[in-house]
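Letters A, B and C mark the chains in the order given here, with residues in each chain numbered from 1 onward.
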Amino acid sequence: MMLRLSSISKHFGGLQVLQEVSLTVPERGIVGLIGPNGAGKTTVFNLITGLLIPSEGTIDFLGQRLNGMASYQITRFGVARTFQNVRIFREMSVMENVLVAMGYQSNYSAASVLLPSPHLRRAQRREQEIARELLFKVGLADQADLLAGKLSYGAQRRMEIARALATGPKLLLLDEPAAGMNTVEKQQLMDEILKLHESRLSLLIIEHDMRFIMNLCKQIVVLNFGRLIAQGTPDEVRANPEVVAAYLGREDEPEIATVFMPS
Amino acid sequence: MEWLDNFWATYSTLLLSVGTNVLLALSIYLTLACGLLTVANAAFMAIGAYTAALLTLQTGTPFLLALILGALLPALVAMLIGRPTLRLSGVYLAMATLAFGEVVRILILNAEDLTGGALGLNGIAQLTTGFDVAFALIGALYVLLRFAGSRIGRAMAAIRQDEIATELMGLNVRAYKLFAFVLGAALAGLAGALNAHFTFFISPNEYGFERAVEILAMGVLGGTGSPWGAVLGGVVITLLPELLRGFGHYRPLINGVVLIVIIIYSPQGIWDLTRFIRRRHSGKPAVN
Amino acid sequence: MLAQQFINAISLGGVYALFALGFTLIFGVLGIVNLAHGAVFMLGAYSALHAVILLRLPLMAAILAAIVTTGAAGWLLDKLIFAPLRARDAPHLAPMIATIGLAICLSSSVEGFFGAQNLRFPVEALPTETLSLGGIRITWLELQIVLLAFVLMGILMWCLKQTRIGRALRGLAESPKAAALLGIDVEGLFRFTSVLASLLGGVAGVLIALYTNAVFPLMGQPMLHKGIAVVILGGMGDIRGALLGGFFLGFAEVFSVAYIGSTMRDAVAFGLLFAILLLRPDGLFGKATQRRA
């Protein structure tokens, strides 16, 4: 297994957010993480990326214990993510946003930037090329010099994916990547994600759009009120009465319920 | 070349002050560029000034070595207090560094045997030349401009905009912050060491709250987008009172009004104002 | 002797608390570190002094004059500086730098008009009677200072708790966005806060001037340092904390002068502040913060 969460619990003071959640992402897997609002999905991401420390349980990634490791080290081990509410560097260009994410892999030292040299120039030009390729992948190549804050919301989300890829991940965590996109954009995004998957990347995806997630993922994990209530293939999950109950009981997301209706 | 000699004779002190103040502005630019509001720079300046002055006064250390140690000691202190202090953010960081600055000032005030206490140190040799200051300034500016245009400057700007996102890009945010803080302390210490060797006299009260606030004003007034902003801020804050000499008693009043007006009309700093002109000359379309 | 020190500490602490209340109100509601608060404090002292000397007003009327002057100064402060900066969506440091400019303006104009020298209230204007209660001697003046400080604080706390405007203010301090959504006149409240905070600073200025009988253009500087210390102790923007912190500092000062008397006490005080900030950034009396994600 690439990523393994073993009985993870998290509480803030008296508030229990996650209880004994265990889940795995296999090598080259593509796993969906779903559940009603407030189920604790983003908390799982925050725990994996080291923004939060688990109250109990362990997180392992490629044989490495991630508990207590700094976020930047986790990124360097090969875990990258996007955010539910985009976190972009608004005052920088799209290109610079991606370059920031390549910073730690530079093959020139901090001291070497002091003197202009052919090596430095070459290395910097190479970085720019790689960044441009990544932006091309997510369809933002022609907007590379725009200030990131001026991008449309959908484009900001795609830029976040390019930026996450720039850190050189083995596992990519996507937090509601399709939020705010129309049907056409969603289809494009799905194609992009499948391409990433084919290029040997593993993915863990939080998404509210059930059609999107059911079509994309081979394995789905369902959370409700901080507990894992089901795990399996899309068909298994769809047939699980507890999952159906969790969603049907929520008037706030009626359109989701229709996905669970037998087709 | 005679006019140049005359000019230097009249304005040397002023020009040297402009130089050391710009160094101070650059020292706070470093932390402001990472989004850190630290105001310990006056204290680091004091440590540098006293270190260098005591070395040349009492041990006859060569000036150059005194300058180097005057920059190193504050950097060392910054490294020690940086680790716990830089966990704070925003106003809390400002207040903590302010409190640290007061501790330094009061310690100097009380270590009378070494520092002369409130009477200060008198008779410091006037060793600083225009070349020294120019050399330090150009060196510091060169280094910071190289940083600003590289992945280091990008990382600092990223930290300023979103610390958590930067950390998740695999960048060691705490290390960057500490680096900016320590390098800023070294620059402030160097400025203090240079300054002490042309003012003849130093006392703890020169490095108190007012000085800390003045340095901060230079950094913010200039703008944190580029080291050039700090240069502008340092020059304006130093020269403004001189330019207003003709106003006599009203000089500080007008000085204050000008500060307020600049900040209201260009809250991002003076450097931001020049963006329009720079765009036109570089021929690039304005990105808005 | 102990009781005497106690009285001194309470009157000094009351004045510190008044000053810190104004400082913390502006930080809590407007989010601004107002470095001109010391200058406004000084303005209050000069207003009262000249109301007594030039207009020959009785002391209480002079305090009213100081309230009017510094309240007006607070109105102008928001109208001319804070409001334009809000309208321009300025970065959060900009207003603080502007208040540095304002502090320079105020202290230099006062110096231009009245000179840099130390001014005093005329002796005949101050009450000189002394009360003796079981060995404790307290002058009428001290008593009035303490009473006034406490009455003002009482009124303020009551207003914040019980009145509509007070509740709106506390709401605004917690979340400006939510307050705007609830239909609260945010701009009006900002202006009101600036006026209220400034006049509290002004009254503190008069009281300190009476207590020490010294009025000079830079008298606000040491007070500003103390105000900052108090607000750190109590937690930035925390109103109850400012009160407690004010008295804490009053007691710490009086008793350390009486029983330690060392020149190192300021170093100890600021060293403690530094430590408090590192360990409890929300102040001694605040809740501990949790790491945000």
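Basically, a residue touches a chain if its C-beta (ideal position, glycine included) is under 8 Å from a C-beta of that chain, and two chains touch if they have at least 3 such contacts.
Source: prediction; values computed, not measured.
Averaging C-alpha coordinates per chain and comparing to chain C, the farthest chain turns out to be A.
The central chain here, found by comparing per-chain C-alpha centres with the mean of all protein C-alpha atoms, is B. With centres taken as mean Cα positions, chain C sits 49 Å from chain A. Chain centres here are Cα means. That of chain B falls 30 Å from that of chain C. Measuring from the averaged C-alpha position of chain A to that of chain B gives a distance of 42 Å. For chain B, residues touching at least two other chains, in rising order: 164.
Each of the following residues of chain A touches two or more other chains: 51.
Chain contacts: chain C has residues 293 touching two or more partner chains. Across the complex, chain A is touched by residues 143, 146-147, 150-152, 154-155, 157-158, 161-162, 164-173, 287-288 of chain B.
Listed in rising order, the residues of chain C touching chain B in the complex are 27, 33, 35, 81, 84-85, 88-91, 93-98, 100-109, 112, 221, 224-225, 228-229, 232, 236, 263-264, 266-267, 270-271, 273-274, 277-278, 281, 293.
Taken together, the chain A residues at the contact with chain B in this complex read 49, 51, 70-72, 75-76, 80-81, 83, 87-93, 96, 99-106, 110, 113-114, 124, 145-147, 150, 163, 166-167. Within the complex formed with chain C, the residues of chain B that make contact are 37, 84-85, 87-88, 91-92, 94-96, 98-100, 102-103, 106-107, 109-110, 164, 209-210, 213, 216-217, 220-221, 249-253, 255-260, 263-264, 267-268.
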